[in-house]
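Shared between the two complexes below is chain A, which has chain B as its partner in the first and chain C in the second.
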Partner chain A sequence: MTADRLAQVAIRGYLALFFAYLFLPLGVLVGAAFNASRYPTLVPWEGLTGQWFADLLADRLMGEAAWNSLVVGLGVVAVSVPVGTAGALVLSSLHARARTLLYGFLVSPILTPGVIIGIATLIFWNRAFGVPGGLMLTVVAQSSFIAAYCMLLVLARLERFDRAQEEAALSLGASRLQVFRRITLPFLAPALYAGAFIAFLQSFENFNTTLFVVGTDTTLPIRLASMVRQTMSPSVNALAVILIATTVAAAAAYEVLRRRGR
Partner chain B sequence: MSELRQSVVVQRMVKRYGRVAAVDDVTLEIERGEFVTLLGPSGSGKTTILMAIAGFVQPTSGDILLDGRAITRLPPERRNFGMVFQGYALFPHMTVFENVAFALRARGRPGEEVQRKVVEALDLVQLSPYAQRLPRQLSGGQQQRVALARALVFTPHLLLLDEPLSALDKKLRADLQLELKALHERVGLTFLYVTHDQDEALSMSDRVAILREGKLVQFGRPRELYERPATRFVADFLGKSNFIAGTAQGGDGGTLAYSAGGLTLRQAVAGAPPAPGAPILVALRPEKIAVVADTPPDTANAVAGRIAQWSYSGTHFQLLVDTPAVGRMIATVPAWRCRIEPATGATVHLGWDPDATVIVAEDASADSPH
Partner chain C sequence: MNGLAARYGWPLAAICLALVAAWLALLILLPQLMMFEFSLRPNLLPRQLGGPEDVRSLANYARLFGNPIHLGIFLQTIWASSLVTVVVLAVCYPIAFYLAQVARGRQAALLFVALVVPFWVNEILRAFAWLILLARNGLVNRLLIDAGLIAEPLPLLGGTGSVLLGMVYAYVLFMVFPLYNAIESLERQQIEAARDLGAPWWRIHWRVVLPHAKPGIAVGCIMTFMLAAGSYAVPMLLGGVRSRWFTEVIYTWFFEGANWNQGAAYAFVLLLLCILFIFAMMRIFRVRVSDIGR
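Here is the complex of A and B:
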């Protein structure tokens, strides 16, 4: 009885510690964004303020960075989803050895450090073809590994695809294109949405690859890093609050849509 | 419409996967409007032949002919063959109506025609009330009927069915066998049906092709296959059979005398009897054996033995009889005219007429050393 009690208390205590470890830093960070103190801190509490958010909105560079992040994110989605899907379709049509080989090759960008991908992209496109660093090169660099994530998602769904459906559609006289549009694509749709969503998030928060290819342009994570380096203003916290809120809202919206889609 | 009903020929088809021949030199001629069944155990090459006719499998050699024209290299979407798949392969995101309409829409038929033909096809399989349901909202039998309607709606040259009933329970399967047979008569289309269930094959088909290890063993009407199996395999696969190995002695007037286990037995033969001294194998159906208790029966062939085991099934007694001459025999006797009281260990006499048995060939085994 008492041993049970003790075990229960211990488990609860452990859980409390666990969640504190996860959420306390976030709590401090969010709290500091509303503290009137000139330093990003929770204590001493000098009063509630929206000052840091106002500063952020007034910062023209910040607006530009946010816009750039949005553009790059959409660009990455537009490249990664079709490329990843094509890769998955090719893979699922191959047999044993060729499949394993190509799979390893296509997945390798995920395992490659982001820094390397950034540098490699820059050297290849810039040195060899004279493409300058900037948003376009950022889309290219990020897509080279984000497309692999999309591919994995689509591949996982393809594994569950009943190939007899394609054969049935062909036997009913549909062309290969009609089969893809009317049978395969509708089946893949959930994986495509998930892929688009994950591609956007991955792009939006990417720092290490972007750093090498973004040139003189700037994205939100890059801007954030330079702010942290230059100042210790709580507007960095304000930005973090906005990012957290956006991500949580997007994830929640995605989940709601997914469940409704069932 | 009737000029669309074509006959299909599979000509010397071979399909190899690596060193295995899934289909080994099979020739089949299917007539217009026929219900033909490919029957064989799992792995005998039935699906491979069906898929080659549908165009999804490219034969290693040989041809598929439609009305005398080779279509071996024609892609499946241009063959105009309806197909019912083992798991139905219905499109899960489309309603029953859209599933059935698929072939017509793929052909770009006008909306009015699509509407009319889909309604007709759904009527044909009695599914009109379910037009707006999704496949997953239907029972297995209903899904099976959707698959049929979908494959028939565009008046195909031929309907191919790969074990369409195997996913259903026994009772439903029996109902749908009758429905399929009736449907075949109503639409008058050529049906090529694949199954490993011999009862299904015998009860539905005009002709049955028996396959074994990729080879066509025998092709004929159900009755003919059952009564005159060509090989041991056919006799064994279509129902039960006893086998008696013997040596031919001599023939006279349509009867062959042969010796087996020290007895002389008689076998009716049409045409030239096997040469004296040749080994022969005779197949004997259990239901063609008369069983009597004491005196030997007045049939041309009589063998004595002891009942090793027996069982009663309501309609029949089944007896396992050990005979010193020809080994263990199975006999089934209709219960209402069984002239003995079955008991384990009891001595009985088995009798049969010369025309009750049939000479069969041994099957060449792929794994036997040559």
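Here is the complex of A and C:
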């Protein structure tokens, strides 16, 4: 009994330590955004300021980067959700070996380092079609692996699909297209929304792949990286606060919607 | 394939097939093949293309293995990424187990959310957070000085240590979720049965939980190793000249050396390394392709 008690205390202590490790750096990151010190730090505390946010808003490049990230994110959603859904539908109609083989190829981009996806896309699209590095190529490169995430979500939902519903609709005289539009698509809808959300977030925070295909354009993570390299300014922290707040709000909204949808 | 047409009609089946074919060919297979083909050719001026020098050879690969600095960085990347993977696995296992088998109800939901939130924080920001902490006048040095342990700030940044620390921090959650998914599907009665039969806690883990968690361990290790070996932001921010990463060498070939062919060869070697790692993991843990991505 005492050994069990000891194990309980140990695991709780470990959990506390782990979550401290997870959140303390983020806490310092956020806190330093409001410190008047010109160097990003939490101590010494030199007073509360909103100046770093003002600096950030005055940065024209930052606005451009944010806009580009938004455009690329929407582009990736527009490509990845249909392509991923098509992948899931095709896979679910295949059997045994063919299914395993195609599945292996389609999920392989998830297991490939992002830099390599960027490099391969850059070389191929540049040499074969003359597409230079830029936002368009960024959408292409990111979609190659983000579509796989969408596919996995749709595939998981399809597994729970009762195909008798489709057959019933067919026997009641619905056309095949109607079956898809009125039965299959509504059933898949939650997975499609989830896919769109995940795709946008993945795109929005992608750095490794984007680095090689973005050309002279800039997205938020690219701008962030060059900011961090050039100057150690608390403006980076201010941007961090905005990004973290946005993603946390989005993730919370997503979670609430998902729970309501069930 | 006929099944798809039978269910939704030919037009829709054709659209699906066309999308998948385009994805597979234009976004996955052809780019990788072209990168490999590219890596076999010398870096030539446009007017030399198709000329007598434009032949395939392994010269770009020979250059990697003949360059002790680059080869050293490559080996260091393999070694350090393996280390990160092992550390992350050890750190995550108790967390995943607790979350999947011990925590219940509200507590489990809360812990889960607490894990998801940092997961979505940008990798660059996570590295930057450690950059601030470990800087000369950062929090860690200041605490150590205030505690009277050191007189002068320690140079905590720029070495392999800070890069490893940053990577463990950045990729820890890519291990937690696959592990959690695997352990969660273990029925609790199995653990209780083992306990009733008198097994000590470590044997329960070794003989019951760990074997059941194999697919999760394999997937988590594959993801972590791949992310660490392919990381660019973390070594860029937390490393220094003494701890260059292989991805940084690749980037240099592309955008500073302007030698895409050489860069492609280096990138292909990195890809090969990751593929080998995946197959090794699938063999060791006896995991099939279809277990990945669940």
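The rule is simple: the second predicted complex is superposed on the first by the 250 of 262 C-alpha atoms of A that agree within 3 Å, B and C clash if a C-alpha of one lies under 4 Å from a C-alpha of the other, contacts with A are read in each partner's own complex, and residues count from 1 in each chain.
Heads up, the rule we're going with is that a contact is a pair of C-beta atoms (placed from the backbone, for glycine too) under 8 Å apart; a residue touches a chain by one contact, two chains touch by 3 or more.
Because the structure is predicted, anything quoted here is derived from the model rather than measured.
Trainee: For the three-chain model obtained by superposing on chain A, do chain B and chain C clash or fit?
Mentor: fit
Trainee: Count the residues of chain A touched by chain B and by chain C, then name the partner with the higher count.
Mentor: C
Trainee: Thinking of the overlay built on chain A, is A:186 touched by chain B (first), by chain C (second), by both, or by neither?
Mentor: Touch status of A:186: first partner only.
Trainee: Which holds for A:7: it touches chain B only (first), chain C only (second), both, or neither?
Mentor: Second partner only, chain C.
Trainee: Quick one: classify A:23 as touching chain B (first), chain C (second), both or neither.
Mentor: So A:23 only meets chain C here.
Trainee: Report for A:174: first if it touches chain B alone, second if chain C alone, otherwise both or neither.
Mentor: First partner only, chain B.
Trainee: Does chain B (first) or chain C (second) touch A:54, or do both, or does neither?
Mentor: neither
Trainee: Going by the contact rule set out at the top, does A:165 touch chain B (first), chain C (second), both, or neither?
Mentor: first
Trainee: Please give the least Cα distance, whole angstrom, that chain B and chain C reach in the superposed model.
Mentor: Nearest C-alpha pair, chain B versus chain C: 8 Å apart.
Trainee: Show which residues of chain A both chain B and chain C reach, each in its own complex.
Mentor: 175-176
Trainee: Which part of chain A faces chain B closely enough to touch in the complex?
Mentor: The touching residues are 162, 164-165, 167-176, 178, 182-183, 186-187.
Trainee: What part of chain C is in contact with chain A in the complex they form?
Mentor: Residues 1, 3-4, 7-9, 11-12, 15-17, 19-20, 22-24, 26-32, 34-35, 38, 91, 94-95, 98, 102, 111, 113-118, 120-126, 128-133, 135, 137-139, 142, 169, 172, 201, 222-223, 226-227, 229-233, 236-237, 247, 250-251, 254, 260, 263-264, 267, 270-271, 274, 278, 288-290, 292-294.
Trainee: Considering the complex alone, what residue numbers of chain B touch chain A?
Mentor: Going by the criterion above, the answer is residues 54-56, 75-83, 85-87, 89-93, 102-103, 106-107, 150-151, 154, 160.
Trainee: Could you pull out which chain A residues touch chain C in their complex?
Mentor: 7, 11, 14-15, 18-19, 21-23, 25-26, 28-29, 32, 39-43, 82-83, 86-87, 89-90, 93-94, 100, 102-117, 119-121, 123-125, 127-128, 140, 143-144, 147-148, 152, 156, 166, 175-177, 179-180, 184, 201, 205, 207-208, 211-212, 221, 224-225, 228-229, 232, 236-237, 240, 243-244, 247-248, 251, 255
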